[in-house]
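Could you have a look at this structure, given as structure tokens, before my questions?
To keep things simple, chains are lettered A, B, C and D as they appear, and every chain counts its residues starting from 1.
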Amino acid sequence: MNNLGLIISLVLIAGGLIWLLVRSLSGREVERPIIFIFMGVAVSVPLLFNITFSEKATPIVKAVFDKVEYLPEGSRVLISFDYGPSMAPEVQPMSDAFIRHCLAKNHKLFLMGLWATGQSLNADAVERVIKREFPEKVGGVDYVNIGYKAGSQGVLNVIITDFRKLYATDVDGRDLDSLPIFQDIKSLKDMDLLLSVGGGFPGVKEWVQFAGDPGNVPTAGGSAAVTTPLMYPYYPRQLVGLLGGIKGAAEYESELKKHYPQFDKMPTPGVAMMGPQTLAHLMVMAFIVVGNIAFFLGKKRDS
Amino acid sequence: MKRRIPLLITFVVGSVLILSVFFPPAESWGEDFSIFFDIIAVFAFFLGGGNLVRIHGKKLFTRKSDWGFSVVTLAGFFVMLLAGLFKVGNPAGMAGDVTAAGSFFQMLYEWIFNPLGASMYALLAFYVASASYRAFRAKNVDATILLVAAFIILLGRTPLGMYATAWIPDSFSILQIPNLAIWIMTSPNMAGQRAIMIGIALGVVSMSLRLILGVERTYLGVDSE
Amino acid sequence: MKEILMVFLALLLAGGISSAGAQESAPPPDTGTLVVTPAPAPPAPVTNLNAKDKPNDHGAGVVVTWTPSADDVVGSTRVFGYAILRAATPEGPFLERGKVPIGEGVFEDQGSLDEVSPDYMADHVDYYYKVRVISPDTTVYADSEIFGPVQCFGQWFNTNKLPVLIFVLCFTTLAIFFITHARRGAELYIRPLAGIEAVDEAIGRATEMGRPILYVLGLGTAAEIATIASFTILGRVAKKVAEYQTGIIVPCYDPIVMTVAQETVKASYLDAGRPDAYNEDMVYFVTQSQFAYVAAVNGTMLRELPATNIYMGKFFAESLILAETGALAGSIQIAGTDEVAQIPFFVVACDYTLIGEELYAASAYLGREPVLLGSLKAQDYAKAAIMIMAVIGFVAAIVGWDWYVNLFNVPSN
Amino acid sequence: MSTARRTSLIILAAVIILFLVSWFAKFSAVQNTGAPFGISVRDGFYITLAAFCSLAIFSFLYKDNPYYKFAEHLFVGISAAYWMCVGFWSTFVGNFIPKVSRTLSDFFEVPFKSFDIFYFIPLILGILLLLRLSNKYGWLSRWSLAFIVGTTAGLNLIRYLRSDFISQVSNTFVPLVVDWEGIDAFFSDFSLAANGQFIMILGNWVVFIGVFCGLVYFFFSKEHKGFFGTASRVGVWVLMITFGASFGYTVMGRVSLLVGRLTFLFGDWLGLID
């Protein structure tokens, strides 16, 4: 169904564009309703047939992926959920993808958060992603959720020397010392990678300034599209890499699928949202090209 | 008198508001005046609504072409007006918020106003396509620059841009489309925006001054007196 | 003029001094001494506690400053933040007024001037402050010594805004100088504005075609300068329209804007000597809702087929919908807006676009009155001044003249 | 009866039948999921209505037609009344009444705040505005207009000067060189990497020169000849890059809006996607 829809629609669109090109070669302009139809098809077909495109990761995204990928198995990765429900549609695909990737690589996963409004989101990710897709992983051994603590960068400043000053237990009330995963963990400095997923304050920037830089721990993350340009100055010296907006999420998801056949069936909201976008962008560009060909040929003929 | 007093009012109100910014005891005046403005605007609603009813009523009674559609406008207007002024079906009665969920007013908003507005807005996706087809032509140097900048940014937002330029070595990575797109957004785009904003700010200051000094007065219709 | 210069110089001096005093480097982190202490000792208290009336406000504000605790260093776990407490007497009771994160040494205790507010803070009354260093363990903290008494009170002049006042005064002087200069009959050159030159031509075209002109004032209320600039352009256009005896349609988004537009168009017809040709229905109210307004104007464009569409004022997302529909109807389109995000759409879809500042200049340009042109001249001088300042700023950024850069950082209150 | 008229009547009938079919299909579908009967009929109607309203607007893309006209006129009527009601309740009753009259506050069931004589200013100006309707005293409405324009001019002059003008100027103060370690290091490490030193320096230069030339373009009283001509040419190019880039960047947002609307039509209405 999927592939059939994809093939039919792409053939339709490509055929239509070729037809337009041929028409343009004779110097004729395209009527507006035809453009509208192409645009409508370009957006609705991916929606209806769930068509997706594999995104090739840009270097800044690939850097994050490679970092997680090439850490030795069993490395400790911390993911911080620094966003609230309103931002979730844009950045949640990122934290989900990070979790999947880390668990597939058998890294030890530490989840926490700096946003009061995002407290339930970590627990939700544990239920939705970890327990359902990785039933063999044991809480407290392979992953742990230590939850939210108030204090923004103050929290970071404390846990960069000692987790236990702030966190006595995980979210389920189990003593950190009783958890195997925390056996020889003292502070953030014992982590091999810090990943912050966020869209405001505190977020990626605070993790760089208060944890990654002073603790000399590799830091990476993802942020909402609006704040992404403000993060570029930190890359690549202070920030391993960055996922910007839904496009960044889509690139990471694609990369994950490419390397891990077991994720073939995983939901990829980022990639799904990019489907209509990509086709629409390609369509606009195709029209620009066709339009210019028609324009130049028309001019040539006139002169 | 008909001409002097309005100019005097503009002058006094304008200069008082400018000076109030510098004196903390008067700091809140600007805010108060904005509230006054909103209240005056409510009176203006009578003028607006009256004008709407008059125009469409005239079409209806003179049986101008398309008078039937004027009936639709008037019906929609009065139904909505009555639903809002009397808070029909409001769960909290007259004390409830006019836009409270469950009221007839809010229902009309949710199922007619909203879909119509969202669809109008969504038309933009189509017009963006037709405008780029029509306008992005390499007619001259300026238009070509416009076209190329738009094209690079568009490419940078699709996987195609990445695939096409991934072979470029790291030491020339600025030439990779996604990087180039970011650079355009943060450098020349920023410069252009800033130049426009500075210009606008100066224009506003100068225009405001002309208004306060009474040099610019077309809006009062006083040219003729 | 001399006074202004003096104030300016004084300001430069003050800026230089204040920046020289600031910027104390943080103590180096002492990571070596970190050992897990069995019983948590309270962190070191803050020092140099000070509180004084918040400057440049209307009262009910105190600024508390301190030197952060000696334990507030990167990597130390002993300090979690600071709590600021206030009391009416040195004996207490002290109530918490707010908290700040680590590394900070300033807090603004902002009360309310409203006597019925629970947050009411009386002026000219003694207050006492202390700052508490909080550690991750809520039972372990360290209080500073008590500071006080301190009183808050209002000021008459906001010195933070002095740079703004200087800009206002300089620009006003400049504008008045050129306006009087122009009144005396000096010849002023103004470069042509393509969009405005096109207006006359477009009205002529409409007359030939026997079709009306559609003038859209945008979505701004009368409280936008762009809308007011648009009124003056509408005035000139309506006058020309009256002279040529073409029709004009002005659908309005805002009732007050409609009122002003009616007044303007009426006066223009009177001016052109054709008051009889003026019709109340030329300027009418549509609705105060963005997309309903666009839906209606779109319909008008395709039904009345105006020869020319003029869009001047504040526009938002609808800019492209209007311009594309107008292009479909085959109208010549002239646009002008100061909404930076929408200019690209007009530039792409319209025949002529007044970019930002040009919109304001257009009204002066159309009038061709020396007084109006004089103010354009003042604008240009201001621009030249900015360029010079920017070049100095460029040098300042290299040489490190922070005081110069600070001159342009106007606090938000 | 002309053919055109007959065709349009057939289309009208078809639209009405489709509407009814959709409505019934919708509420029986809703009913099966267990919603109470009364609500589902109403909701089925509303969803169908919303869908047909959306389609009526989209039909404008083909050409102007009676269905678009209907939607447009309905939209105008409803929206005009909507904002009037909201303005009346929130501004007039919410902000004005509590400051002038206790009796009226009680009547409208809003808490009375405190009497403020200054609130008679907008009352008087509002009434003056209404005098426009009178031929004899119409000129008095100009006083209100003068007040509005004066307020606008005063507030905007300061606002723009501070937030746009001064802060934008100061943002232009960027260092010409970044991470400078001498001319030798500059050339030996020279690269066109996106985050390399050269590109960063280039970016700062472009911002500075771009703002400079852009401002030259906005000079009105100087003929654009010679140096000014060249600079203003460059300024135009910078502006063109800005416009092209901003246009391209917004496409994604615009497409999202259409995706949202189509999701409603395909999902909530037709149930084709979940």
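Methods note: contacts are C-beta pairs under 8 Å (C-beta built on N, C-alpha and C of every residue); 3 or more make two chains touch, one makes a residue touch a chain.
All values derive from a computational prediction rather than experimental measurement.
Participant: Applying the document's contact definition, name the chain pair with more C-beta pairs in contact, A-D or C-D.
Facilitator: Between C-D and A-D, contacts are more numerous in C-D.
Participant: Suppose chain centres are the mean of their C-alpha atoms. Which chain sits farthest from chain B?
Facilitator: Greatest centre separation from chain B goes to chain A.
Participant: Just give me the whole-number Å value for how far the CA centre of chain A lies from that of chain D.
Facilitator: 29
Participant: Using mean CA coordinates as chain centres, what's the chain C-chain D distance in Å?
Facilitator: 19
Participant: State, to the nearest whole Å, the distance from the C-alpha centre of chain B to the C-alpha centre of chain D.
Facilitator: Roughly 5 Å, centre to centre.
Participant: Averaging only over C-alpha atoms, locate the centres of chain B and chain C and give their separation in whole Å.
Facilitator: Whole-Å distance between the two chain centres: 16.
Participant: At which residue positions does chain C touch at least two other chains?
Facilitator: Correct list: 164, 168, 223, 225, 228, 256, 259-260, 263, 285-289, 291-292, 295, 343, 345, 347-348, 355-357, 361, 376, 379, 383, 386.
Participant: By residue number and range, which residues of chain A touch two or more other chains?
Facilitator: In chain A, residues 32, 36, 43, 232, 277, 280-281, 284 touch at least two other chains, as defined above.
Participant: Can you pull out the residues of chain D that are in contact with at least two other chains?
Facilitator: 57, 60-61, 69, 71-72, 75-80, 82-84, 129, 132, 142, 145, 148-149, 151-153, 155-158, 160-161, 165, 169, 172, 195, 208, 211, 215, 218, 239, 242-244, 246-247, 250-252, 255, 258, 262, in rising order.
Participant: Show me the residue ranges of chain D that touch chain C in the complex, using the header's touch definition.
Facilitator: 57, 60, 63-64, 68-69, 71-72, 75-80, 82-84, 129, 132, 141-142, 145, 148-149, 151-153, 155-158, 160-162, 165-167, 169-170, 172-177, 208, 211-212, 215, 218-224, 239, 242-244, 246-247, 250
Participant: Spell out the part of chain C that touches chain D in their complex, as residue ranges.
Facilitator: 163-164, 167-168, 188-191, 222-225, 228, 256, 259-260, 262-263, 285-289, 291-293, 295-296, 298-299, 302-303, 341, 343-345, 347-348, 355-358, 361, 365, 373, 376-377, 379-380, 383, 386-387, 389-390, 393-394, 396-398, 405, 408-410
Participant: Would you mind writing out the residues of chain D in touch with chain B in their complex?
Facilitator: The contact residues of chain D facing chain B are 46-47, 49-51, 53-54, 57-58, 60-61, 69-92, 95-96, 108-109, 118-119, 121-123, 125-127, 129-130, 132-133, 139, 142-158, 160-161, 164-165, 168-169, 171-172, 191-196, 199, 202-203, 206-211, 213-215, 217-218, 235-252, 254-255, 257-258, 260-262, 264.
Participant: Please give the residue numbers of chain A that touch chain B in the complex, ascending.
Facilitator: Those residues of chain A that touch chain B are 30, 32, 35-36, 38-40, 43, 53-59, 229, 232, 247, 277-278, 280-285, 287-288, 290-292, 295-296.
Participant: Going by the contact rule at the top, pick out the chain B residues touching chain C in the complex.
Facilitator: Listed in rising order, the residues are 18, 21-25, 27-28, 34, 37, 40-41, 44-49, 51-52, 55, 58, 113, 116-117, 120-121, 123-124, 127-128, 130-132, 134-136, 146, 193, 196-200, 202-211, 213, 215-216, 218-224.
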